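You will see two complexes here that share chain A, one where it goes with chain B and one where it goes with chain C.
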Partner chain A sequence: MLKYVIRRILEAIPTLLGVTIISFILIHIVPGNPVRVLLGHHYTAERAAALSRSLGLNKPVWEQYFIWLGHILVGNFGYSYVYNKPVVQMILQALPHTLAIVVVAVLAAHLFAVFLGSVQAYFQDTVFDQVVTVINYFLYSMPSFWLGLLLVIFFAIDIRWFPSGQIINVNDPHPGFLDWLHHLILPVASLFLISVAGWARYMRSSMREALLQDYVRTARMKGAKEFRVVFVHALRNSVLPLVTMLGLSLPGMVAGALFVEEIFNYPGMGLLYWNSITNLDYPIIMAVTVFLGIVTVLGNLLADILYGIIDPRIRYR
Partner chain B sequence: MASVLDVQSLSVEFQVNGRYLPAVTNVSLTIEQGETLGLVGESGCGKSVTSLAITRLLSKTARVNGKVLFSGPDPAQRNPVPSSGPEEVSARNVRERELLTVRDKDMQDIRGNEISMIFQEPMTSLNPVYKIGSQISETLLLHQNISPRQAFSQSLEMLKKVGISRPEQIMHQYPHQLSGGMRQRVMIAIAMACNPRLLIADEPTTALDVTIQAQILELMKGITRDFGTSLLLITHDLGVVAEMCNRVAVMYAGEIVEQGSVDEVFFNAKHPYTVGLMNAIPKFDATSKERLQPIEGNVPSIARMPKGCRFAPRCPHVMKQCVEQHPDLFEVENGHQSRCWLSVEGEA
Partner chain C sequence: MIINPSFMEEMHIEGQTDIRPGFMKRFWRARTTKLGVVLLAALVLFSFVGPLIYRHSATLPHVLNTVSGPTAKFPMGTDSLGHNVLSQLMVGGQSSLEVGFASALVSMIFGTIYGMVAGIAGGWTDTVMMRIVDIILAIPSIFILLFLNAVFKPNLLLMIFVLASTAWLGVSRLVRAEVLSIKNMLYVEAANALGANIWRVMARYMLPNFLGTVVVASTLGIADSILAMAGLSFLGLGLPPPAPNWGGMLADGMNYMFQNAWWLVYPAGLCILLSQVSINLVGDGLRDALETRER
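Moving on, here comes the complex of A and B:
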């Protein structure tokens, strides 16, 4: 097992390297010059040249890349151009917020999808099944940012149940866990809603497929009740493809979280990312890229391990 | 005493594109206590559908008619522990029920407990994500009021009875770690765990190697004899029937075309289809020139059943009457019936 994990991490390194190279090239292709942004109306050609030199931006791109790579290999992600703070510190501040949204939304969406899909399979082809299928399809075809905006308009602006942004209530001198949770709900809800529909659809078909298998017939032959057939015999087999999807869907979920954070003005990695792109804050953009890459790789690994726990055929190979 | 199973005019139709197509038509058969009835026919003749109709395991697209009378022990007086010797069921505590009309709940109590099934595909019939031990125990726990520990030790006993070596280890293994023959043994252990009165085995050895086939048949023969279980053995292999059965019913295109004791049917086959099946059995003493003679043509699809005799299109003795009129199951001799115009008294 440990060997397997180590092998998977080693295998991920080339991918991560590729991602950093592409990001590095992209940010240098994008029109705009960070020096100009930083100097603003203090801009003069001399100052620009001096700043360029001190940031190392005057060197060729490939050389810059290797310098950057050499630094991050020893854990040095540099300083933000704009805030002049250590990049690692800024990321460590933002990361927990993003992780909270993604982890809570992914878990909730998965558990609910598994539940809904199974119940739908249990009530196969009844009116209930058909109504849920239609609702799912409707949610499934909805763009995430649009759904997020709808939620903000309705819950935060119209009926004011939830805050429309920020992580804590700035007027509250002692912000607590409940307050944090209160701010978490809308972003999580929008991420949950856009992903749960797809997964429930997937779970439903996986479940229907499982219910046609020979071992399900065996379970019925034994005299198991239909509830037991669905929730004990078919369920565990039919979550397997879903767990695979969990791993594959993580990058999408993280990307979705970036949008959602922008909409809810939620100070996670997403907001950090958007701001640093606007400011051409290269060190932060690169660091966020690397961190998201690592999170994705770890998430995939976690999904694989989970798969092995559920499916003995994988475990023993 | 009533037969263990008494199927009367069983018909099954499947809804396909809004039409009901006949997969099984007017099948009647009986199985006595401790008896083995063979149900033979080529693939696609409706053998599996018949067995699944009896146990009510068909999909919702099936429409089933007729009667399935099953006499099992009265639940109130049943001895829950599978005894090592034959279980004598006296007429007093036997109750007859019509399976097509009992409640789902009652059917669940019967399945796995009084009627069990073994299927053709040992490789896929066990749940891949649960251990062998728990899959056998499940049947016991569903039907008997015992603790998981007791269920475990009874399951272990069953594994020993079906001739599995290292049963303690196998209890903790998963299906994919076992060979096809071993899995079929496990299926037999599951099916026999609650000591059912009737076992239905749907081509239990078709998917296995020849040597393993013989072992599994031997095991089924022994275990049904020891438990006093009646057996409905479905096969397309007349050799298996000769080896295992007391009586045999030959099925063609959803109907029983010949039925009788194995001796009668083998030595005095009346229906041309049965004769055809016999000619297709490989003979060990055959010279290389005496080739197998499989019946030409195919089993008709249920969407286009011939109007007259369903075997007429393939029959070497086909007459005008055969194409026009559907033959009944005529009594040839006591207990020997044939669905052929040639079998009508005086005509043959």
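Moving on, here comes the complex of A and C:
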């Protein structure tokens, strides 16, 4: 097991290096003089000189890449042009907020989708199943930004149950955990609703297949209660494909979080990135892409390992 | 026995006319597919024929009539600059559909070629080519699209290629998987043994086998591209103003949500939702009719 984990981690390293190459290439396909373009409207003679030095622009491109890579390996992502703060510090401030939204939404949506899909499969082709399928179809097709907007209008403006943005109440001198949770609910709900639909669809077909298997008949024959048949015997097998999807769904969820953060003015990675895009703050742009790549690769790694733990048929080669 | 290759050719052509018997029948069988086709047709008519009937400029600002609700003159109200919302919905639909279809087509062609080359080459070439796909997929595509948009400020034509720059990845993965399973089939071996060159094997023996899968994925890709473009416009990028876009209209609506300007929030959002639902329904219908595997 440990050997398997170590091997998977080693396999992730080339992908992570690849992510750094992609963010490096992204900045270098910008047409024109790199220093002038990199600095954009923040161009000054000192900054140009400093940037040329730090990126080593007089050297060949591959050497420039390795210098930059050497810097980021020791955690030096440079300074933001606009805020004049270390980029790492800004990212470490934003990352927990995005992770909070994404992790809570992913876990909640996954659990609910497993439950909903199983119930749908058990009552397959009844009116209940058909109604839920239609609702899911619409939610699945729903743009995250429109859904977020509708939630704000309904829950924050019309009936005023939840705040329309920010992470905490800025007027409250001692914002507590509950206040933070109160601000978290609407952003999480937006992500939850759009992702639960797709997974429930998947779970439904997976569970439908499982319910036809011989071991389900055996369980019923042994006198197991229907609840136990579905949620213990059939669930164990039908939930496996969803665990793989857990890792694969991460990039999509982070992308969804970008819109949600923009709507709710929630200071996570998405909002940080969006602000840097509008300011063309390149050090942050490069750092965010690298960090998101790391999060995605780690997410896939975790899903793979989890899959190995819950499915005894998987051999660690 | 020596089989004359030209004889094989004849047999193949004869069989080809009937390669998917009853495709249209199976496609039309599901009511949901019919609904999808009707909705999509309605959307195309609204966007392309609508402006011919409802002749009002989408980009002419009526400065005395900003953020006004539906009236006889403006059936769906006006936005913050006094643009006619109904005309904007129509013109925004044109660019969304055009860019969506075109970028799905571009990514289908490029993804198919890339996936085929990787699958046929195998070995290290395959490993490196697919690793590149994995790496780009590790960064959420909207982040790459936002950057490319901010830097290149694309027009309609460039926008097609910007959106395709991330959309081809999924297609290439599908095609490569298909090629790997087809590569060692007996009929491919037979074609090779008869001296067919690699292009002929690809075009005549491999492509028809996974064309269905690729068409389904690309159809669903149209919806993804339309959504991505609306998302970019919502974030203030996308096609430069004054070109209207459903996403940009929503962003305008977000600024006026406290004023209860519902005509800026619901019509544009419904148009995006409708485009997604109709294309997904058609794509699912195609998948069932072609009996291809899940995306």
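FYI, the second predicted complex is superposed on the first by the 276 of 317 C-alpha atoms of A that agree within 3 Å, B and C clash if a C-alpha of one lies under 4 Å from a C-alpha of the other, contacts with A are read in each partner's own complex, and residues count from 1 in each chain.
By definition in this document, a residue touches a chain if its C-beta (ideal position, glycine included) is under 8 Å from a C-beta of that chain, and two chains touch if they have at least 3 such contacts.
In this text the structure is predicted, and so the values were computed from the model without any measurement.
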Should the pairing of chain B and chain C on chain A count as a clash or a fit in the superposition?
fit
Is A:L298 contacted by the first partner chain B, the second partner chain C, both or neither?
neither
Is A:V88 touching the first partner chain B, the second partner chain C, both, or neither of them?
neither
Which superposed partner A:R313 touches (first chain B, second chain C, both, neither)
first
After lining up the shared chain so the two structures overlap, which partner does A:S141 touch, if you call chain B first and chain C second: first, second, both or neither?
second
After the superposition, just quote the angle formed at chain A by chain B and chain C, using C-alpha centres and rounding to the nearest 10°.
80
Which partner reaches more residues of chain A, chain B or chain C?
C
After lining up the shared chain so the two structures overlap, which partner does A:V104 touch, if you call chain B first and chain C second: first, second, both or neither?
neither
Determine, under the contact definition given at the top, whether A:I72 touches first (chain B), second (chain C), both, or neither.
neither
If you've got the overlay open, could you tell me the nearest Cα approach between chain B and chain C in whole angstrom?
14
Considering only the contact definition stated at the top, list the common interface residues of chain A for chain B and chain C.
none
Which of the residues in chain B end up touching chain A in this complex?
55, 57, 104, 108-113, 116-117, 119, 121, 124-129, 138-139, 142-143, 174, 176-177, 187, 190-191
Per the touch rule, the chain A residues reaching chain B in their complex are 213-215, 217-226, 233, 236-237, 310-313, 316
In the complex, chain A residues that touch chain C:
14-15, 18-19, 21-23, 26, 30, 137-138, 140-143, 145-146, 149-150, 152-153, 157, 251-252, 254-255, 258-259, 262-263, 273-274, 277-278, 280, 285, 288-289, 292-293, 296-297
Of all residues in chain C, those that touch chain A in their complex
131-132, 134-144, 146-147, 150-151, 223, 227, 230-231, 234-237, 247, 250, 253-254, 257-258, 265, 269, 272-273, 276-277, 280
